[in-house]
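A, B, C, D, E and F are the chain letters, set down in written order, and residue numbers restart from 1 in every chain.
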Amino acid sequence: MNILVINPNSSEEMTRSIRAVLERIKRSDVVLDVVRTEGAPPAIQSATDAALATPHVLKRVREANANGVDAIILACFSDPGLEAARELSDALVLGIQETTLHIAVTLGHKYTILTPLAKRIASKERDVRRFNVEPACASVRALGMTVSETEADPKRTKERILAVAREAIEQDGAEVLVLGCAGMVGYAAEIEEELGIVVLDPTSVAFKTAEALVDLGVRHCKRGLYAMPAGYGARN
Amino acid sequence: MNILVINPNSSEEMTRSIRAVLERIKRSDVVLDVVRTEGAPPAIQSATDAALATPHVLKRVREANANGVDAIILACFSDPGLEAARELSDALVLGIQETTLHIAVTLGHKYTILTPLAKRIASKERDVRRFNVEPACASVRALGMTVSETEADPKRTKERILAVAREAIEQDGAEVLVLGCAGMVGYAAEIEEELGIVVLDPTSVAFKTAEALVDLGVRHCKRGLYAMPAGYGARN
Amino acid sequence: MNILVINPNSSEEMTRSIRAVLERIKRSDVVLDVVRTEGAPPAIQSATDAALATPHVLKRVREANANGVDAIILACFSDPGLEAARELSDALVLGIQETTLHIAVTLGHKYTILTPLAKRIASKERDVRRFNVEPACASVRALGMTVSETEADPKRTKERILAVAREAIEQDGAEVLVLGCAGMVGYAAEIEEELGIVVLDPTSVAFKTAEALVDLGVRHCKRGLYAMPAGYGARN
Amino acid sequence: MNILVINPNSSEEMTRSIRAVLERIKRSDVVLDVVRTEGAPPAIQSATDAALATPHVLKRVREANANGVDAIILACFSDPGLEAARELSDALVLGIQETTLHIAVTLGHKYTILTPLAKRIASKERDVRRFNVEPACASVRALGMTVSETEADPKRTKERILAVAREAIEQDGAEVLVLGCAGMVGYAAEIEEELGIVVLDPTSVAFKTAEALVDLGVRHCKRGLYAMPAGYGARN
Amino acid sequence: MNILVINPNSSEEMTRSIRAVLERIKRSDVVLDVVRTEGAPPAIQSATDAALATPHVLKRVREANANGVDAIILACFSDPGLEAARELSDALVLGIQETTLHIAVTLGHKYTILTPLAKRIASKERDVRRFNVEPACASVRALGMTVSETEADPKRTKERILAVAREAIEQDGAEVLVLGCAGMVGYAAEIEEELGIVVLDPTSVAFKTAEALVDLGVRHCKRGLYAMPAGYGARN
Amino acid sequence: MNILVINPNSSEEMTRSIRAVLERIKRSDVVLDVVRTEGAPPAIQSATDAALATPHVLKRVREANANGVDAIILACFSDPGLEAARELSDALVLGIQETTLHIAVTLGHKYTILTPLAKRIASKERDVRRFNVEPACASVRALGMTVSETEADPKRTKERILAVAREAIEQDGAEVLVLGCAGMVGYAAEIEEELGIVVLDPTSVAFKTAEALVDLGVRHCKRGLYAMPAGYGARN
């Protein structure tokens, strides 16, 4: 089974980091490829970033279909270009946010999304509604640290994650934490142990779900919403 | 007052047609500019089309802000790039779908969206939910004709519109019809007269709403969801 | 174009105040008439006030239709008698609350309604649901001042508005403020400037929307929910 | 226990008919008074009718409170003036529609409302949403007969009720029928027997619920939404 | 009229306590039987408790139907086995939670459920959604005391109830309190008087509703969701 | 990895059939055990069946935890005892309905559930709401055949499945079919090929999801809704 993970931004470092996580959890019979998106912004931090990245992501999707990939993961928590990617792809396409939120709702009463900065909360709340997982959303909460700050100061990062997670548990009733930022992934085990709740890394959850669905021969429906659009031909 | 209407596709003919409609309804004190989007697909008929058009639309949005426009209308019923455009624009940005659906719900019990082909129904139903105007949506119904077929055969087009509108009224309880396709606009008055319901042309509704909001000095909020994103500077 | 603004209460002072605001923003080609409602309570502060005012409002609506008005605005934030007024009117009827809330949801992620006293919060929350604009409602918040207190002490009024607006922004995620009380209108520009969010005066928003819809020849649907009821004849 | 049933229209015949039904089901310890509403329209068939009836209904409500009634029923399926009546009343006030729909949802999977004429369907659908009983609403369906036609032709009336009820069961999954019209009440037992579903007469359901709540000393909350409004004094 | 109240747990003391409350409010023409559930856990404090109690409850339900009871009340605030009990019962079956919440929504703007311990909040929130009474739910709040603690320390219990009720009123806008625990029932009158809101004891509300519905000859629909299941024969 | 699949009924034949399907799709490193539930009804066709099966299912769940299983699947489309099983289990517990519906919503615009007999439609519609996957539910449709009829007449079964699936696609907009009955599983590939939509076998989907989640070390949250209930001790 061949799975392509597209990091929708152009950062080589983040791409390496995703690859490292997935190499550890992938099944031995899976051929994994993790690629960055040339031409995209170095990070996806706004609707504008997502919009500018998407055409480059779609190019990758079409190439991957020509090469016969079995599944494609869009490895950014805003799932940029998900609907268009499914239109263009015969192979299964999963967005890490959509997939993870639908798993999250089955694992506890309510989930909280952690996001780096408060200014992204509104956007995440829109996504929660877009993916129809609103009734089980306890809250979207921000660390109040940029991604680079989380990299520079691990001690404060861990303290902030724990503090915000505690607020989510005590004030919002969260039982599942969804880490909406790659910079938080390294602390997942510690949070789980210390707070006794479930912590989900979206990239990992979507990747393992892809393995499972490819085994079953399941992909998205190519007849309706995600039908190949006029003017873009078949696979190649 | 300067209003820029961006036709998000590259079709000169459709751009001319939009301009002709708006010239007739614009106030005399409004300077209207209607432009096509170079580099975009010739029509927006899929999520892929919308995704590929958006970066070119955003370029137009930034130029317009540099030139001091008062409002920008995205004149395509799928509102491609609306969120990103608002991020990048200090001037008011309206999507014709979002604006029209929120007017439609105030004019009758329920509204129906007419769309050319059945394969776009799923996508329109998603938009209805995205814009939170679902409770008042009677239905999304398709003519079963392509845009070029509506241009080639006006007689059959009119018959089809009337037939589908009657179904929407009788079976779905529609009181307002939203024309989700430029090819249908010419028949609006006849439908209204014959069926006694309200018919809305989204481009016209959004344009007149823009005039009204600019008069009031109202634009979208630049502090939260639509704040200028990092890395794209101010207006210019 | 003739637009009649009905102040559903009997206060001459409030009527003058509404007229003053609208005279400043109306287009030069619009003939504006602002009338108070004789026989109605001096203010609409409860469902009882609204119920007792409505028959008198409806009398005004029928007279206005007999006189050939183009649009009617019900200028009270509880939209008293809106449904009945539309039944009796061939001319467009807009309620300032319904119209403004549907504009508010297109201008930011969430909106907050400011109301004078806490005891009106429950009623406003019901209206938010009645008009199907609940998903985007951040909160309804009260100043904790009566209308006469806001008139008597402008300094404290401004301080309270700013304080409550700050709570709405920081605690509820509000990006748009809807002023649910005439006494707050004078401070809108200062709030906008100081807090960087959008502030809407419902009477102004509904009035300008009416201008726009009359230009388009659009009124509410007279075939279904708002059909002329049996026993009340046609226009006159 | 004293229960006042207010027929919100001025029809003596309908008032007698309501009294006859309730006399048969009332407990022997209940003093029942059924009154018509002088000054109101002869029937409530529109929002306009309801608006014009309400001030007269409220007068009755205040008198009843002065006289020390224990509960008041508004016996019209559109619950005209319900919110205002609760404001003005210290005694429990029940609307027959609101009460019955909340009982209906506990007795089966979904309920259907039968209404005389198709033109009232939109209004009933709004009420269903207003009272938050939408998820269990199978449909609102019309007999296609006026009230006077149902009185003139009992045979056809029964046939129509059965036919429409069958459609509600087979096409909409209805398990409970709510009779939204006094003219249908006489056929309830036959429908139940023939179709095997539950049939509710709203006036009866609300009346018996009032008996139960008065026994418990329960009335609506007088502290918040339904607090006595300023300017209308206490009970008298 | 014969009404059977099933206490779904095996506690004799709680059964006596329920009987004492209902004896005081039952009509003189009602034959009341209150029984405990042998074989069930001594209290229902989890989904596991409810699941283990249900087969024993269903045995009681079938016996009661064989004996010709008119109505059955499941007297536990989690309504254990409600759907199955209705399948097996020709007689009306009411759950105290479902019935009370649907009455609560008609008595004020919003209601709050009080529950003994915080760990049951998630479960109650699920029930609120299951019974479709979510829009009017202000909150679910916990006393932070076990049932035995409430029995051991009445003074602190009363203080805690008042304190939590005040929070519900001031922070959540509650106008109706639903007592989700038998241990709180004794303080209802004092809370009502001191705080001016409505307080509902679910067992009492459901019992009086059953009296009313039996008078009307109304039971749940036996044709669809609650039809007698294959393999369990008729009444006996 | 050890996965236990509990068939909640007592049928040996259905248990064998489930085992046969899962043996074909399980990973080679997974130790699979599929057991029937002694003491449970031979099939789960009602809420009563589910209620009577649950205590026996829970016994299995506790034993499996004592034996150190990694995940437990409840292999019946009504997910009997799911909440209680999670309370009692430290190991991951998945219900096949809940898991599959949350996967289904990510694979197309809307899904339809196929169920054998019309009398189960109401119950399935309740589940759809209970699991918060209502917005994407196109419909629940019935074959109109019992399970034994589907076994006896494969030709007619296939014809009926295709006919009902076509109705779901054309009338309801279904893009994903969820097979709510073991008897339909054998025809999945043919339906997919002939109709071009996605067909999901819930047992298979839940099983593969369990493999994926166990790999990730993810289980349901043991701190809140699913905490070990008082009185049932730890694992053993």
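Just so we're on the same page, a residue touches a chain if its C-beta (ideal position, glycine included) is under 8 Å from a C-beta of that chain, and two chains touch if they have at least 3 such contacts.
It should be emphasised that the depicted structure is a prediction, and the values quoted were computed from it without experimental measurement.
Asker: Provide the labels of all chains in contact with chain D and in contact with chain E.
Answerer: C, F
Asker: Would you pick out the chains that touch chain A and also touch chain B?
Answerer: Output, common partners of chain A and chain B: C, F.
Asker: Could you label the chain C-chain D interface same or different, taking same to mean over half of its residue numbers are used by both chains?
Answerer: The interface is built from the same residue numbers on each side, given that over half of them are used by both copies.
Asker: Can you work out the whole-Å distance between the CA centroids of chain B and chain F?
Answerer: The answer is 43 Å.
Asker: Starting from the mean Cα coordinates of chain B and chain C, work out the distance between those two points in Å.
Answerer: Chain B and chain C have C-alpha centres separated by 27 Å.
Asker: Calculate how many whole Å lie between the centre of chain C and the centre of chain F, each centre taken as the average of the chain's C-alpha atoms.
Answerer: The separation of the two C-alpha centroids amounts to 52 Å.
Asker: Would you pick out the residues of chain E that each touch at least 2 other chains?
Answerer: Answer for chain E, listing residues that touch two or more other chains: 109, 122, 126, 129, 132, 135, 173, 175, 224-225.
Asker: Following the definition at the start, I'd like every touching pair of chains, please.
Answerer: A-B, A-C, A-E, A-F, B-C, B-D, B-F, C-D, C-E, D-E, D-F, E-F
Asker: Using the touch rule from the top, collect the residues of chain F that touch chain E in their complex.
Answerer: Answer in residue numbers: 41, 45-52, 54-55, 58, 81, 83-84, 87-88, 119, 122-123, 126, 129-130, 224-225, 227, 229-232.
Asker: So in the complex, which bits of chain F are touching chain D?
Answerer: 121-122, 125-126, 129
Asker: Please give the residue numbers of chain D that touch chain F in the complex, ascending.
Answerer: 109-110, 135, 173, 175
Asker: Within their complex, state which residues of chain D touch chain E.
Answerer: Those in contact with chain E are residues 25, 27, 94, 98-99, 102-103, 105-109, 132-133, 135-136, 169, 173, 175-176, 195-198, 200, 204-205, 208-209, 211-213, 215-216, 218-226.
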